[in-house]
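Below are two complexes that have chain A in common, paired first with chain B and then with chain C.
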Partner chain A sequence: MATKASRSAARVMIAPSVLLLLGWMVIPLALTLYFSVLRYNLLMPGANPFIGVENYTYFLTDPAFTDAIINTLLLVGGVLTITVLGGIGLAILLDQPMWGQGIVRILVIAPFFVMPTVSALVWKNMFMNPVNGLFAHLASALGMQPFDFFAIAPLASIIGIVSWQWLPFATLILLTAMQSLDSEQLEAAEMDGAGPLARFRYIMLPHMARAITVVILIQTIFLLSIFAEILVTTNGGPGTASTNLTFLVYAESLLRFDVGTGSAGGVVAIILANIVAIFLMRMIGKNLDT
Partner chain B sequence: MARAISTRRMALNTAIAWTIGAMIFFPILWTFLTSFKTEAQAIADPPVFFLFDWTTENYTTVQERSNYFRHFWNSVVISVGSTLIGLAIAIPAAWSMAFVPSKHTKNILMWMLSTKMLPPVGVLVPIYLIFRDLKLLDTQFGLIIVLTLINLPIIVWMLYTYFKEIPGEILEAARMDGATLRSEVLYILLPMAVPGIASTMLLNIILAWNEAFWTLNLTAAKAAPLTAFIASYSSPEGLFYAKLSAASTMAIAPILIMGWFSQKQLVRGLTFGAVK
Partner chain C sequence: MGRITLHGVTKNFGDTEVIRPLDLEIEDGEFVVFVGPSGCGKSTLLRLIAGLEDVTAGRIEIDGVDATGVPPAKRGLAMVFQSYALYPHMSVRKNIAFPMRMAGLDKAEQNRRIESAAAALNLTDYLDRRPGQLSGGQRQRVAIGRAIVREPAAFLFDEPLSNLDAALRVGMRMEISELHTRLKTTMVYVTHDQVEAMTMADKIVVLQHGVIEQVGSPLDLYREPRNLFVAGFIGSPKMNLMTGEEAERRQAATMGIRPEHITASPTEGLWQGTVGVSEHLGSDTFFHVHLDGRADPVTVRAGGEVSLHHGDMIYLTPDESRIHRFDAQGMRLA
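Here is the complex of A and B:
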């Protein structure tokens, strides 16, 4: 039913979105690439000479970079493990018949709506503080030494906080997948003598497989860019103990004002994120055809 | 056909689920309760739960000391503003891609999505410098621009999936009955599209309200929304748990309520239609 006139009208209607996103993507990206080959420090005004790959060699051989990569992988891997396993468990649990299902659902997804700075500061101070936190009170009530979370295990503490924020997301999506599972299939399997474990392994898990992949990919994209939680709890420390790649680039560019090195780091971050993005895009693209 | 579930089984499910739900929700409840305590009660050991002298003092203190409502208002302006501008740009685009698809439609959609995969830190330096030179640092307007652009792909995608579900035949039928383009849009398309537009708006206000990379890096005191304002509690002076709780409660309450209404849209919006 599309005519020539409606086609050109369609083009005009799409143009603003495309042009804006193109500008948003191309201009800063080109500048990042350009800055990354310059000696460019905001504290040293003057000429910004071309220095080739020097910023990259500096950034990639900095011991902080190795730490940041390891921390990034631990952060993403840790949170994924907790949220995906927890999400599968919660999705199956919430799919069971019970009283007040709607209310439990609301309680479980609530953390997702708490802004990152609030959840990080509430956990850090009111729960994990070694003197006044609830965990410290609990420990002393049980006759144990309070645990100084952010001094002894800063990265693990951040993994805990971020997992609390993302568990609802995994649960909600996996629950949506569970609810599309035909219950007659489960009943038939049960009548044929399949135990709970077999039903989980051969019916529920394969049914959720696609949703699990989507959760992993989307969360990875967001988790690679974790920033606020680190900024307000540990500021990347002690040392580089809780610095991830995003935080390292931020520190290079806006704390040490080294625009050149920061830009090189930004390019590295883009390459890393793209590896994940390619897989995610393929999955979403396949779904678009059906 | 649903099986009869024994009452015992039902009670067991209920008990386990409520216990876990309460544990997950507890930090939010605790923040809410602490916001009505005095600073001394907030750190009391053993902790006090409901039996304390409820006071609203923290709320007034937070407002008086730091002009809380200015930051609250910044959050409102930035999240609602960026969402409305985003909708104005995205509605025509999603509309035409859903109703006048061409062979490029899929590629355009996928490309838009790919811009969302770009890690913000990859463009932090140039955006910061451009904002500095254009005097956009620490302005509401600057943040509205950035948040509009980062959420535009999600808005286009969500709208597209909603518009796709409107049957095209109904338009043809209306046209055959002699409906003009104006009445076609006004009386047929709009009523069917409004629920989708409303859900898209809701989800994007939530995302923009909680955005904490650009808001932290591009604002200082003047245009700081709540995400950035709350971050100032990371280097506090003296006792501050009750005040932190009051500031936090006000920052999350409106979004929590909106979020509960948009559970279903959340799945659609954040998985780009990959899970329905």
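Here is the complex of A and C:
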């Protein structure tokens, strides 16, 4: 891309894909914005008059909205905590030389390839079911009362399922980071009198900082829009105990057929996601520099 | 104090014997260089002394105390690695402070030692930079600084200059030698470069296939190589080794003569040959001479400004008193 001619040629070449991507993004966004200021309910066909911010007021003052926000943050925060801590631990374990390393690594990564709906169903019916689930059998074998996961701790159960899905991703990224650590650095630290804990604290953790940042940023994007697991297991209930923002938007537009309020919720979700993103970049984005 | 003694030290990796049973005495304050071709076990030997590898058999004593099972940090040795192994996320100051921080030294003492090490190594202006912002030579000095502040019983260097360019290498060689004169601490230095070994060492240990071939001062090794391997390894350019008739005339299986102990003349001499490639270094000139009826060329050192050209006829005369004779097993004949 050195000469003026090649630069302008390059611009012409990438123009179609830029336009396509732009249309792909801008048209749905514009339509959502447009719908969000209309009274537009599929159960009441007819005119769709302009009503200003009424949809937004309705959505934001809905008591379910506050619950959804709290649940979203708990879900994202809980899964991030579990996957990052567990990922660091697993990465360090898997980095040790051991017999059958290749197979173990593939096994660890496997959950990531299971579709969200499938894994949620498997967890719901095979593990967490209070009658037939493995955990229930285990509990009765030990003479305890089976625990009804989705009735008593619906959000925690979903956090568990989602963590199980995302732990492999965190492990994979952090494992590659561990493998790129120069072993002479660890040996130098050992010679310098650093014990295993100090080596972890002063050498491994700083080395993995950038990978941890990447894991947190990427996971946050996906975790903000968790949907399938909730739909399959609890349907957002009991009440709103496991409803997150995505599920609330779904409930508004597709269960109550209120396209206008659903769109308003979608816009609110976009704004919230961006706020979270800005905070994240402020807090940990500096790790990505240098 | 830093006297290191190895008794019958052996190291196996699986079935491969990397170090055969080996005894070695390193005196306090000595500059010892382990030298040998790559894969000869010299780095492994250093790592055994450091404690980064466990010995398979044998005993390592530091200052008369058995240190075989002692963890690396407790041996009182400091190591400078080939890749420098600086901590990239810490400033130079924090890098140098790290071993003292681990030892729990108080801040004032830490700062005092950092300042004096930085002054000695010309690092004062760089203390707040990260290793990534330093040049190769500066990184090398930081690594040395990190070793100095621990005030160790001995320094271990693992090919510390191999990542530097030629000019810098000569400079750092001098600096390390000066450091040794000033600190008078034992230093063990591993290199594959015989020039580094010759210029820096009090005592050279030549290794091959995990066996010590010879131990001695640089000039001992130069004057009296114990066997063919040492003869070929020490000295630059290499000693000329000849077998066949010439050697037999001197009652040896192989005879060796260094390039600097052959006189070249355009008119008369013992051996006759033609000049091949010549390397003009200014101070010296090295001729590769093809002797009649001999496949390998003989290297000859001549004065700096001798003008002989490719294809010229030349006569060579070896200095008979400087000829090295070896038996069929490659051992030196008295």
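Just so it is clear, the second predicted complex is superposed on the first by the 263 of 290 C-alpha atoms of A that agree within 3 Å, B and C clash if a C-alpha of one lies under 4 Å from a C-alpha of the other, contacts with A are read in each partner's own complex, and residues count from 1 in each chain.
Assume a contact is a pair of C-beta atoms (placed from the backbone, for glycine too) under 8 Å apart; a residue touches a chain by one contact, two chains touch by 3 or more.
For clarity, every value in this text was computed on a predicted model and none was experimentally measured.
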Partner with the higher number of touched chain A residues, chain C or chain B: B
Touching partner for A:Val53 - first (chain B), second (chain C), both, neither: neither
First, second, both or neither for A:Leu85, with chain B first and chain C second: neither
Chain B versus chain C as contact partner of A:Glu187, first or second or both or neither: both
Partner chain(s) touched by A:Ile27 [first = chain B, second = chain C, both, neither]: first
Partner chain(s) touched by A:Arg105 [first = chain B, second = chain C, both, neither]: first
First, second, both or neither for A:Met44, with chain B first and chain C second: neither
Doubly contacted chain A residues - partners chain C and chain B: 184, 187
Chain C - residues contacting chain A, complex: 50, 52, 71-73, 77-79, 81-83, 85-90, 98-99, 102-103, 130, 132, 146, 150
Sites on chain B touched by chain A in the complex: 1-3, 5, 10, 13-14, 16-18, 20-22, 24-25, 27-28, 30-31, 34, 42-43, 45-47, 89-90, 92-93, 95-97, 100-102, 106, 108-110, 112-130, 149, 152-153, 156, 168, 172, 206, 209-210, 212-213, 216-217, 226-228, 230-231, 233-234, 240-241, 244-245, 248, 251-252, 255-256, 258-260, 263, 266-267, 270-276
Touching residues on chain A, where the partner in the complex is chain B: 1-2, 6-7, 9-11, 13-14, 16-18, 20-21, 24-25, 27-29, 31-32, 35, 90, 93-94, 96-101, 103-119, 121-123, 125-127, 132, 134, 137, 140-141, 164, 167-169, 172-173, 176-177, 183-184, 187, 210-211, 214, 218, 221, 224-225, 227-228, 231-233, 245-246, 249-250, 253-254, 259, 262-263, 265-267, 269-270, 272-274, 276-277, 280-281, 283-285, 287-289
Of all residues in chain A, those that touch chain C in their complex: 182, 184-185, 187-194, 198, 202-203, 206-207, 209, 290
